[in-house]
Every structure is written in structure tokens, then in C-alpha cells.
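We call the chains A, B and C, going by the order they appear; numbering starts again at 1 in every chain.
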Amino acid sequence: MKMAHLMEDEVFLAYSTYATIVILKMLLMAPMTAYFRITRGAFVNEEDVAGKSEEEKKKMLRLNPDVERVRRCHLNDLENIVPFVVVGLLYALTGPDLSSALLHFRVFAASRICHTIAYVGALPQPSRGLSCIVGWVVTSCMAYRVLSVTLHL
Amino acid sequence: MKMAHLMEDEVFLAYSTYATIVILKMLLMAPMTAYFRITRGAFVNEEDVAGKSEEEKKKMLRLNPDVERVRRCHLNDLENIVPFVVVGLLYALTGPDLSSALLHFRVFAASRICHTIAYVGALPQPSRGLSCIVGWVVTSCMAYRVLSVTLHL
Amino acid sequence: MKMAHLMEDEVFLAYSTYATIVILKMLLMAPMTAYFRITRGAFVNEEDVAGKSEEEKKKMLRLNPDVERVRRCHLNDLENIVPFVVVGLLYALTGPDLSSALLHFRVFAASRICHTIAYVGALPQPSRGLSCIVGWVVTSCMAYRVLSVTLHL
């Protein structure tokens, strides 16, 4: 196992764990969208409602507010989790303290789980806004650290 | 070439190859969207139809089902290929067997190519659903392996 | 600091800098969207307009062209910056010349900044189209180099 160098570093192990957790959370949005599409009977592609009568087709090819809500949450995940994963990797390579790194990773993962619950559950604001901002600030802090260590324009 | 350590590892070479292939596939969705926008005459930004008469503008600033189909396929790529690329990197660093890694990478790449053909070609279900699920399961398997090796909460 | 190997490589430092810059640029689209949503009074979630009268709610739950423009720009960032970040990482690991790598990274970062200005400012075409294509070509060139070095199917 020549490649084990990275995997011997505790910060990198922590990064791997939390990056995988938030990516898995994002992956779960796909079956959640499918679940809402099927239970709400709201599809978008002609081929998904093949074999139905013309009248039924018209009814099923429509937008549903619950489906759109899950899809917006999924897009927000893409917009925030992907930057975290990229910046987090570079941040882990700058050799931060383990405790400091864990703090960043844990706060981010918690903020995204809260965000999903607040979004899909349509909880009153500012629950969703706040959890989104917390995650955003964590990623920005890590980006600041990466730039201050590596700046090479 | 100090950095060659990673690039001497066969699993990492395989990862680099397949990650680049699926990213290139995703990049091709952009010219495909442009092609459909131009041939179908369906634009979304005012500045894209500058210099046309008012009547023509109204006709060209509209949604077209073929364009929307390609855009949905592109978004689905983002939702699935980006997690694969991230989890696949960490998976490659956990030192799996080359044959096992190649199996994961090949099945994923094939599933995404099938998915694009099924989506853009509007093939009858379950071709699109199945190819999407296969890719999703491959990424989840790799995520499971990463967590079981690195778990460091 | 065992992990410092990567961070001692000048090409990798340059990659880290530019990847972080373009990710930060993408992160800035979130507050920009929030700014336009608030100043234009155009929201999409029921809970964002809680506490208003029914009539006001109807007015505020609508699409606004400026908000949609920023959101399209954000999605275009995801579609182009994420591939750059992934392919750029692998490209940096293939050990290119520093000058050649810097050229790729600088042109890409400049193209995305121009793209955002052209998109959000609704500048006349082909400013937006051209800047998007330049970034796309840079990523494709790096992908070609990665494949030619690592090809391992």
C-alpha cells in the first residue's frame, strides 16, 4: 500500500469521513425526489408515464410543490457541499491542527443536515437561512486558510 | 517529478482515467445544449436574441422540450458524476485491489453513458431509471468502503 | 507535517490557489442571489414570506428576471468550475511545467470572472459565450493531458 501516506494522516482521515458523509447525504436526495414524484404523481418526462391514458398523462406531467422543494434542496446541496469537499481537501493538505479541522468538518456536516431538515420540512425561517449561512462561512474560513498558506498567483 | 508518487499507483491511474472520461462526458452536455438551443431557436437571455425584430424575439425566448431534456440530463450528471469523482478519489486512496477498483469505475462510466443515451434519446423506461440507479449504487458502495476504512468522527 | 509533500510542489500550490479562487467566486453567487431576492422582493418558499398578508404573499412568491439570471449564472458555474477543479487536480499531479500550468489556471480563472460580469451585467454577446467557451477549452486541454499521461482503461 504505497498510497497509504495520505491515509496515515489523521486530518486526512477526518476529511475523508466527513466528505463522504455529506456526499452520502446529497446522494440521498435522489431517492427522496423519486419518492415524492411517485407518491405525488408528478413527473416531467413523457416516457415516465408511458402506458397511461391521454387524460392521466396530462394529470401526471405537472409540477408539484413538494417535488420542487426537494429539488431546490438538492441544488442547494450541490452549490454548497461541492465547494466544501474541494476546499476541504486542500485545507486538509495544508496541515491544520486535528482539533481545528474536526471543528470545521463537524460544524459543516451538522449545518447541512439541519439545512435539509429545515428545507424539506418547510420549518419556519430563519432555521433554513441560518444553517445555510453557517455552512457557507465554514467553507469560506477554510478557503481563507488555504489561500494564506498556498498563495501562488 | 516529486509528485509522481500518486501517479505510480495503478489504482490511482485508473481513477484518473475514468474520472476524466465521465467529466468529459459531462462537459459535452454544454455544446449539446447550445446545439439544441440554436437548431430549435429557443433561448433564455435577452442578449442572445439581440438584433432581431420584437416579434421574432418573443418567438425565440421560449422553453423547448428538447432543450429542457438536455438540461435535465446535464443536472442529473452533476448530481451523480460529482459524488462519484469525490468518493472515487478517496476510495482510490484506501488502496483497493486494482481489479475491484476497475470494476467499480467501468460500471459507473458505462452506466452514465447509457443514462445519457436513454435520457437524450427519450428511450422507454426503465432504461434511464436503471442506468441511473446502477451508477448511484456504485458510488454508494465506494462510499461504504471509504467509511469502513477511514471512519474518524 | 507528513502531508507537506504535495504542498511543496509549486504546480500544486498554484492549483490550490486558483481552485480556491474560482470556488470562492462561485460561493459569492449565493449572497448575490439573496441580495437580488430581497431587493426585488421575489421569493420561492412559503416560509420566506411568513407574517405577510395573503395579498403581499402572492406578490412576493414570483419569478424575477434578475434573480433567474443570477441563478442561471450560478448553475453555469457549477457546470464549468467543478470539472475544472477535478480535472485540474489530476492535471497538477501529472507534473506539467509550472509556466504551462499557470497559463491554464490563469486563463480559466479570468474567463470565469469575465463570464460572471457578462452574465450578471447582461452585456451584449458574444462576451458571455466567448468567455464560457474559453474556460471550457482550458478544461478540455487539461483533460487531454491527463488522459494522455494516465490512460489505463
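In the analysis below, a contact is a pair of C-beta atoms (placed from the backbone, for glycine too) under 8 Å apart; a residue touches a chain by one contact, two chains touch by 3 or more.
Model, not experiment: these values are computed from the prediction.
Per the C-alpha superposition, chain A sits rotated 120 degrees relative to chain B, a value rounded to a multiple of 5.
Comparing the contact residues of chain B and chain C by number shows a mostly separate set, under half of all numbers used being common to the two copies. Computed from the mean C-alpha positions, the centre of chain B lies at a distance of 17 Å from the centre of chain C.
Residues of chain B found to touch two or more other chains are 5-6, 75, 78, 82. The touching residues of chain B, counted against chain C in their complex, run 1-7, 10, 13-14, 16-17, 19-21, 23-24, 26-27, 29-30, 44-48, 50, 74-75, 78, 82, 85. Those residues of chain B lying in contact with chain A across their complex are 5-6, 8-9, 11-12, 69, 72, 75, 78-80, 82-83, 86-87, 90, 92-95, 122-125, 128, 132, 136, 139-140, 143, 146-147, 149-153.
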